[in-house]
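Every chain is named by a letter (A, B and C) in the order it is written, and numbering of its residues begins at 1.
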Amino acid sequence: MEDLTLQEMENSPHDSSGPSQSRQEKTTNELALVEAALYVAGRPLTLSEICSVLKTRSKNKTKRLVKMLSQEYASRNTALEILELKDERYVLQLKADFTPHVRKLVKRPLLSVGPLKTLSYIALRQPVSQKRVVEVRGRHAYGHIKLLKEMGLVASERKGRSAILRTTDYFADYFGLSHDISIMKKELKRILERDKALKEADEG
Amino acid sequence: MEDLTLQEMENSPHDSSGPSQSRQEKTTNELALVEAALYVAGRPLTLSEICSVLKTRSKNKTKRLVKMLSQEYASRNTALEILELKDERYVLQLKADFTPHVRKLVKRPLLSVGPLKTLSYIALRQPVSQKRVVEVRGRHAYGHIKLLKEMGLVASERKGRSAILRTTDYFADYFGLSHDISIMKKELKRILERDKALKEADEG
Amino acid sequence: MAATAKKPFYLRPPWNILFEFHKLEKLTPWNINIAYLLTTFLEEMEKTGQIDFRASGVALDSSALIYLMKSKLLLKLEEPPPPPKPLQDFLPPPLFLPLRHELTSTTIRHLLEVLDDVLKGEALHRTEKAPAEPILPTPSEVLPQIDYYLMEIELQMDRLYKSLTEMVKGAGIIQFSTLIKGIARLEAIRTFILLLFLAQEERVSLWQDEETEEIYITVGGFDTARNGKLTP
C-alpha cells in the first residue's frame, strides 16, 4: 500500500503517466541517501536504520534500494562492497583483498588507551554493574562509560538502583566476535590465553 | 614510459598494439587501490601517500588516476565526492548536502552543535581574543575552546594577559580551505551561506 | 458576643486560617507556622474536649495545602537567575565538519593487550558479589519512636472485634459513646481508628446519625441502616 502511495507521489501530480525522469531522479537520490548512510556509519546498519534515513516505513522498498546499490557496487568493480549480513543488516566495507595494501594509512585508534581498558573490562565481565566497573577502573571510568555509550559500543540498562553494562552488536561486529555474549566471552578468553601462551613461549 | 602505456590504453581500448583487456584490468585495479586508500584514511592524502599505495613513483600517473576516479564519482551522482585540496592533496568525503540526513548515524564522538558554533565564530572573527569569544558565546565556550584545541582545530597564543585564538592549518586542510586567513574567511562565508540555504531547504 | 462563644474554638485565630481558605490566599505561606498551628490545635481540642474528627481532617488538609504552597515557592526561588545577556555580535551558524569515514586501527589484539592490565587492577578488589538485594534499614532506623500500639494494630483490631462481639450480643448494635464510656481521650481516638480499620475490612458496619452525631456500630456485614431500623 505504502509503496503504491509512494510511487504515486513520485509521479507528477499533474500527469498520471508520470515523467519518468523525475522518478529516476528520486531513485538516484534515494540510492545516494542509502550510500551516505552506509558510508558515514562505517558499521552494519539495520533495515530500520536505513528506513529512518529514507524517511519511509516500507522495509521492502528500502531492501530493494539497498540491493540495487549493492549490485551497482558489484558491477563497478570497486574496492568497496555492500554486503548483506544476517538479520537484514547491511554494511559498506573495504574488500578484504585491499586491506594489506592500505593498512599503513590507518592511523586513528578507535579509542585512546583509558576508555579501551574500560571497554575490554566490560567485554570480559559483562553483564557487569557500572558500580563494579568504577571500582576496578577508578572514577574516570564514568567518563569512559559515557563515551562508550555515545559511540554505541556499550549499552546500559537499569536494574533497580544500579546500571548494568554490556557490549553492543556494534562492538561484536567491530571486533568480529559473536553476538552471543557467552560465546563472545569464550572467544575473548581463548584469544587471551593463546596470546599469553605465545608470549610465554616467546619469553621462555 | 609507464604513463605512455596508460594513455594508450585509455585512448584506444580497441587498439591491437597490446593486450588491452589486461591493461584495462590493471587500471581498474589501480583505481580501486586509490579508492581503498582514500576510503580507509578518512583524511586528505598527499600525492606521495597515494603513490606509495600504488607502489609507483610517477606522480603524474597517480594524479591522473585520482582525477579519473574523481570524475567517475562525479558522473555516478553518488553521495560521495573526491575533492582536490591545496598542495595536491585528495580527500574522499560525504557531499555536504547529505550531512543533515545521516549525521545521527555517526558513532564517532563528533563535535556537537555548541562547539561547532564556537568554532564557526572563531573562524570568522579570527584572530579573536578568548575573552571576546566567551562574551559572545557564553561561559560554556571555555569548554568548547578546550575541546577545539584538543582536536587541533584551534590554537591559542598569549598576548599580554589575554589569549588570542585562531584556527589551525589542520582546520583549513580539513575543510580544504586556504591557509591565508583573509581568503579563508571569504571561503567560509560561502560555505556557511550554502549550509544555511541547505538547512532552510531541508526545513522548508 | 454570645455567637462567638458558641463558635468552636478552631474558628478563632490563629487556627481559623486552617478553615478559611479565602484568607489563605492573601497570606504569604512563609508566615504560617504549620507545626505550631497543628500542635496547639490538638492541645486545644484535648483541653476543651471538643473532639471533632471532621475538623481534624480539614486542618490536616489545609496544612498539606500550605506545605504545597511553600514547596512551590521554594522551587520558584531555586530557578537559576537568567544568564547574563551575551554580547551582540553576528553569530554564524555552526560549521559542520565534512563527514568522512575513517577506518580505525584498533584491533581485538589491542583490546586484549590492555585487558591484562585491567585484570591486574581487578585483583586488588574482591570479586563482585552477585547483585544482592539492597539491605533495608530496620524500621526503628526509619521510623523513630513509632508507637508500639500501631505495630500491633492487627492484634488490637482482633481484641476490639472480640469485645464488640460480646457487647452487641442480643441488641446486635452498640453506640460509639457507650463503647468509649469512661476511657481516656487518647484511648477513645485509638478505638475510633481501630473501628475504621475494622469497617474497611467489612468486619463491622458504622453509621452516624446526622442530628445526634452518634455513631452506631454493628458487627459483621449486618447492615442495620438497610434493615430500616435506624433509617434517618
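Odds and ends about this structure:
By definition in this document, a contact is a pair of C-beta atoms (placed from the backbone, for glycine too) under 8 Å apart; a residue touches a chain by one contact, two chains touch by 3 or more.
Just so you know, these numbers come straight off a predicted model, no measurement behind them.
In terms of the distance between Cα centroids, subunit C is separated most widely from B.
Centrality by C-alpha centroid: the chain sitting nearest the overall protein C-alpha mean is A. Centre-to-centre spacing of subunit A and subunit B amounts to 24 Å, using the average Cα coordinate of each chain. For the pair subunit A and subunit C, the distance between C-alpha centroids works out to 51 Å.
Centre-to-centre separation between subunit B and subunit C, using Cα means, comes to 64 Å.
Chain contacts: subunit A has residues 39-40, 42, 94, 106, 108 touching two or more partner chains.
Counting only residues that touch two or more partner chains, subunit C has 99, 101-103.
Per the touch definition, subunit A reaches subunit B in the complex via residues 28, 32-33, 35-37, 39-43, 45, 49, 53, 77-80, 94-95, 98, 101-106, 108, 147, 150-153, 170. Residues of subunit A that touch subunit C in their complex: 39-40, 42, 94, 106-111, 113, 116-121, 123-125, 128-129, 132, 135-137, 159-162, 175-177, 188, 191-192, 195. Touching subunit A in their complex are the following residues of subunit C: 99, 101-119, 121-122, 125, 128, 131, 134.
Taken in their complex, subunit C has these residues touching subunit B: 83, 86-87, 89-103.
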